[in-house]
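Order as written gives the chain letters A, B, C and D; numbering starts at 1 within each chain.
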Amino acid sequence: MTVLLEMQGITKKYGEFTANHDIHFDVRKGEIHALVGENGAGKTTMMRMLYGMEQPTSGRILVHGKQVHFHDPSQAIRHGIGMVHQHFMLFPSFTLAENIVIGGEPKKAAFFDRQAAADKVRELGERYGMPVDPWKKAGDCPLGIQQRTEILKVLYQGADVIILDEPTGVLTPGEVKELLAAIKGLAAQGKSFILITHKLHEVMEAADRITVLRDGIITGQMKASDTDEEQISRLMVGRQLVPMSRAARAPGDTVLDVQGIMLAGHKGSKPLLDDISLTVRRGEIVGIAGISGNGQSELLQVIAGLRRPDSGTVELNGADVTGAPVRRIREQGLAHIPEDRYMWGASRDATVLDNGLMGHQQRFRKRGLIDRSALRKVMDEWVKRFAIKTGSLDTQAQFLSGGNLQKLIAAREFAHQQPFLIAAEPTRGVDVGAMELIHGELLARCKGGDGILLVSSELTEILKLSDRIVVMYEGKIAGELTAEQATEEQISLLMAGGKRQS
Amino acid sequence: SGGSKSEQSASGSESGTAKKRIALVLPEEIGVNQFFVQMDEGFQKAGKEFGVETKTIQSSDPTAFEQNMRATVAENYDLIITATFQAEDVLKQVAQENPDKSFAIIDTTVDLPNVRSVGFREYEASYLLGAAAGLSTKTNVVGMVAAQDVPLLKKYSEGFKQGLESVNPKAKFLIGYVGSFNDPAKAKELALVQYGQGADFVAGASATSDLGVFEAAKEKNLYTSGQDTDRTVEDPDHIVLSQLKGTDAVAYETVKDFANGSFKFGTANYGLKEDGVGLTFVTKDSESKLSPFIGEANITKLKQIRDDIVSGKIVVKNPLEQ
Amino acid sequence: MNAIKRTLLGMLQPVVAVLIGLLAGAVAIILIGDSVVDTYREMWNGAFGSFYFLTNTLTRATPIILTGLGVALAFRAGFFNMGATGQMVLGGLAAAITGLYMPGPGWLVMMMALLVGMVVGGLWSLFAGYMDARFGVNLLISTLLLNYIASLFAGYMVSFPLKDRTGSAAMSQTPMLATDVWLPKLFSGMSLHAGFILAVLAAVAIYIFIHHSVAGYEIRMLGNNPFFAAYGGVKRGQMMVVAMLTSGALAGLAGAGEVLGTQHRYLDGALASADYGWSGIMATLLASSHPIGTAIAGILLAALQTGAMGVERNTDVPLEVASVIQATLTLFVSARFGYLFLKRRKERKNNGSVV
Amino acid sequence: MDQLFDISLFNSTLRILTPILLAALGGAICARVGLFNVGLEGLVLVGAFSAILGNHLLGNVWLAVVFAVICVMLFSLLFAYVSINLRANVIVVGISLNFLAAGLTTFCLRAIFDVKGAYYDKNMQGLPRWDIPLIKDIPVLGGIVSGHSPLVYTAFVAAIIMWVYLFKTVSGFRLRAAGENPVAAQSLGIPVRRIQYGAVLVSGALCGLAGAQLSLGQVTMFTEGMTAGRGFIALVATMLGQSNPLGVVASSLLFGLMDAFSIRLQGFALPAQFTQMLPYMMTLAAMFFFKDRSYLKDAQRANGSSR
């Protein structure tokens, strides 16, 4: 097979810090090359160099055997390299069609032929099994659709080598299956992929070759057929992972009681939440499954006090908190790992220290001032316990890798010691080691008698942790299953709006 | 002013011939008002003629003015001239703090032993102008475009109104305010509105903005009047009168007196009687020819009114004394 | 070591910018055919030439610092408050009214006048904040518009009901305040008044508030990411009230300080024509909303202005050219030469392969 | 009351709003590329001066307009260079430009024309008034619409062209993209900087026209500071119109109408200060009805200065 793209001895330094060291890496025509590694291992950095967003400190990049220097992404695009970024690069107020065709817009004279663009996008979506509504605004779409839009954009640009940086992080199992199938189909047609993911089963399912990165160094490179998940994770983490076992639990009193929540949709459209009732007891984990955009986010916002329901009640820890201010709800017993860490969970411009303080203001208040030294002490512990990689506590949060930021947020919320915890997508974009840590922590809390409401688009996560599983579809509860009853097929069917089989 | 003072100042001047140094410190930027420009011209002219070193200092705002005044005192000018009501506060303070320094103020009165003040009774000239308008209007509607609705400008508007009512009680008086001293476009709109309301004479009393009134007059064949200097020369067909105020002469005289050693402190007040204020064609001839809108007959009547004011037969109320 | 290096690098940026600004100003001076050296010497003298001129500069800096601090606090909370001028005008007017009509001993009246000025400025600012929070009326626009409304209203008040009827009665101004109500001068014969002390104290207090207090933390987070703040239980409404009220109160204090310390009466147009509001906004932006930095930038801007006055008085360079030089300097002071220069060099050093 | 509402009210509305509309369109295109232009006031002032200067030098009112446009475009390059290349805070740059323009025009007035305060030449020809052939005979409409300076019509045409450009053409689409998410636009190879420069230049051209309308259309003269805050009102119109050219037309119309109305309201018992408040009050009131602030938020975030 012909080598399309090659990195030879690439090293990338940020000041003193080496993000990539002596990387040798290549992509062949029609292959899917998976790149795996822990958070902060240097995967994204590698790809940014390939895509012209960063320049290597030393080493060479070859395309079709010829050395290239990319100074900006447009040059990479011209050489047939496309990238789907982990954090989307979309224009929220533009339609999906506009987002996809930008840079290669169909024209009538100098005018933008939006109809032609929509037709092309519709056709493109159908061809690759990723249909989108071309006329919808990107900002109004759920993350899954935004992700799809990003992939379609790269395909529209006609890339031969497509870099996907954690493309499945926000997709539902069905969507993941479709995506992987589409990738494989495209690979068969001669397109090449670099696939970055933390989900090893996806790697095993789709990849032809696998490269493992640890602390900026390649620790292994092999054919997918020659290896297994265990070996890969050992290469990634540098140690053996212990499989977790679930102890039987005996749930106690109700800690969260949601009754008949209604939330109207935007002018005349379907309600966002339609008569949702649900309880969580102490010492149990209730999982909410569903394709993103079916009301999970809104439900969490209602419970957390970020949105007022049109009717219905929320009772937390024995008190009615419907429509109460967030602070009161938190004091009443809520901790909350939010689903979108950049939108809700953190302030990028603030320091790690300031990000850690949120919600703990009262605890670290000393005569109206912030007791920073006490906070530092506590946060140093978090950093150690969750192995958060950060320059210092005074680094701005935007310089943390996504996984490390997630660990910071989790640590902050676990520190609340509240009887009820919302964990929304707690391990999105997090590597296996960190995932193990967060899962372990969740189970420990549950064992200690706290109630947990887990929302995840990751079915395995739901199945692994939950005692009961609630499936949401179009703002309604489509079904509820116990951990023993539930199978992946059953849940998938409910998630897709199918009737519950009894 | 003794010789010792000039010796002190000599250190600051380049030649060492002990030229007297006089500063004109203005409370605003010169371009804000034609009146300042005129004053500065008289000041500079006298400086050249009488061999005095002159320096004009403008100020961007009241705080800057105070700082400029104080700095000018510190820099040892032999005489510091300033002008207008805006300068009163600061001058009172500075002059009191520096009793051995000489000051002069134009256009208002500050009663201190080391200040020479010259005020004007513009309202007398305004009265004449108002009477002229009242005598001449054919539509019995006259207007005025003033800069701002502030007490200061009552000197113009109230005097005008008195004069107008005295000769033509039935005439309707319109007044519009620009809200700014330098927005000719807005002033023009105001004049056009008054024209629309039937005015055939619109007086300008809005400093630089008057230019907009003049343009409206030209465009709609209205009659208008200017301020301070003889503006009729600019467009005698439409600018038919001009209210006069001798600020340049006062600045000139002040410098002249100081240079000749005949400078005296005290207050003076110039009105029609002293020829400090006036109206073209009535108190002073003009290069331009008289507009038929006013007509010789009216001028004769106006001259009579002027004489009556001077003799005290007509008493024009000072609008600022209420 | 690293901290020292960072501070030095941080200082390099403004120094380079000022140098370029001076260079650009020099071009303007040469164009009109004057001596660059003389002009800049007079500029320096006008700003810092002697203790007297230094105090002049600090006097002028006082309202700039105070409005700047107010703007900084609002910016930190994410509210783009452009209404400093209006808040200052109403604060000044209110202080003058209190100073004139409140009975009691002078010092008490003075304190009350300052307080009332702050309250009125704060309420005017809060009004804009309230319209934003409650009705979604954009703050940036409303504060700009409220400036005009405040100035016109104050103009009406001092032209009619509150007009000074003593003396020549020609000015739109309130009567003069009794001398025992004036803010004390710090040095006799100099214009610097106690308002400057208040400004310095305010800078320190706002610094501690923003960077070390819990409420300040919540305000900062609100400004950084309002969603994050809401999620963490920060009460947006409450913090908005605190931020806008304080912000307006500081502008009101600036106005009250000018009235009690400099003009000793409310004089129509005096506060607006000096552009303290815009200068305050510039000071804040130059300092990236850091309170201490805002105070320093305020002094710098004031120095440019008093320097320009010095140029006007002592050279043949006219006032408008002095203001051209002043504008050129501020234009370049906010530019990031130092930063770009350093960054490029660093990149070259670190990434050998970059062409 | 019929004195308040007559044809001349609407006629003068069109005159009053034109400089504001032109400048606000300039502000809108800058806002669309993420540059919040507080310097409109200064740009218009330079335009007003250079229009008069051009007329004086070239003796032709059309060349004078072109001259003004070119001068302001050059002046606006300063804005572009300092804020785009030197990454200075756009608001500081805008405020500085306002001061710079005030100083520069005053200085040039003295240096070139040797006058202070105002330059006025009674022989100078201002912009002609166009009587539009057919429309001028229509009873009411003719009186309102016909007989204005060509720049009045230009302003409305410019608004429509800008609307078509921004929302219908490919190039306008990319311009909006560059403003909405510069990083993403850059990553697609869209030349963000070049687009920003282009937008600033267009804004300069529009402000040049605005200035020309003020000094050659509404009156024929230049006086110091004759913009008298119109640039700031244009800024408000830009924001109120959400940087959409048609929205900007609507907000400028509102302001122009209220200003024309407030002039007529003087003399109806209210003190002038209160009638002068009317345009600002009404604009404020109008904001209760235009609440979509998403675009403004982006614009504020883009210049990052609230941090």
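Keep in mind that, in the parts below, a contact is a pair of C-beta atoms (placed from the backbone, for glycine too) under 8 Å apart; a residue touches a chain by one contact, two chains touch by 3 or more.
Since the model is a prediction, treat every value here as computed from it, not as a measurement.
Between chain A and chain C, the least number of touch steps comes to 1.
Looking at which two chains touch through the most C-beta pairs, you get C-D.
When you average the Cα atoms of each chain and compare centres, the chain farthest from chain C turns out to be A. Centre-to-centre separation between chain A and chain D, using Cα means, comes to 46 Å.
The mean-CA centres of chain A and chain B are about 76 angstrom from one another, to the nearest whole unit.
Per-chain CA centroids place chain C at a distance of 28 Å from chain D. Note: centroid distance chain B to chain D, computed from Cα atoms, is 35 Å.
Contact of a single residue of chain C with at least two other chains is seen at positions 152, 155-156, 159, 224, 318, 323. Contact of a single residue of chain B with at least two other chains is seen at positions 29, 148-149, 179. Contact with two or more other chains is made by residues 106, 271, 273, 276, 307 of chain D. Taken chain by chain, the contacts fit none of the simple shapes, being neither an open path, a ring, a star, nor a full set of pairwise contacts. Every pair of chains meeting the contact definition is listed here: A-C, A-D, B-C, B-D, C-D.
Remark: chain A residues 13-15, 55-59, 69, 304, 306, 325-327, 329-330, 336, 338, 343-350, 354, 357-359, 361-362, 365, 368-370, 372 touch chain C in the complex.
By the touch criterion stated above, chain D contacts chain A in their complex at residues 168-174, 176-177, 180-181, 183-184, 186-190, 294-295, 298, 307. Those residues of chain D that touch chain C in the shared complex are 78, 82, 86-89, 91-93, 95-100, 102-104, 106-107, 110-111, 229, 232, 235-236, 239-240, 271, 273-274, 276-277, 280-281, 283-284, 287-288, 291, 293, 296, 300, 305-307. On the chain C side of its complex with chain D, the touching residues are 32, 75, 78-80, 131, 135-138, 140-142, 144-146, 148-149, 152-153, 155-156, 159-160, 223-224, 278, 281-282, 285-286, 288-289, 318, 320-324, 326-328, 330-337, 339-340. On the chain B side of its complex with chain C, the touching residues are 29, 55, 57-64, 66-68, 70-72, 74-75, 85-86, 88-89, 97, 108-109, 148-152, 155, 179, 320-322.
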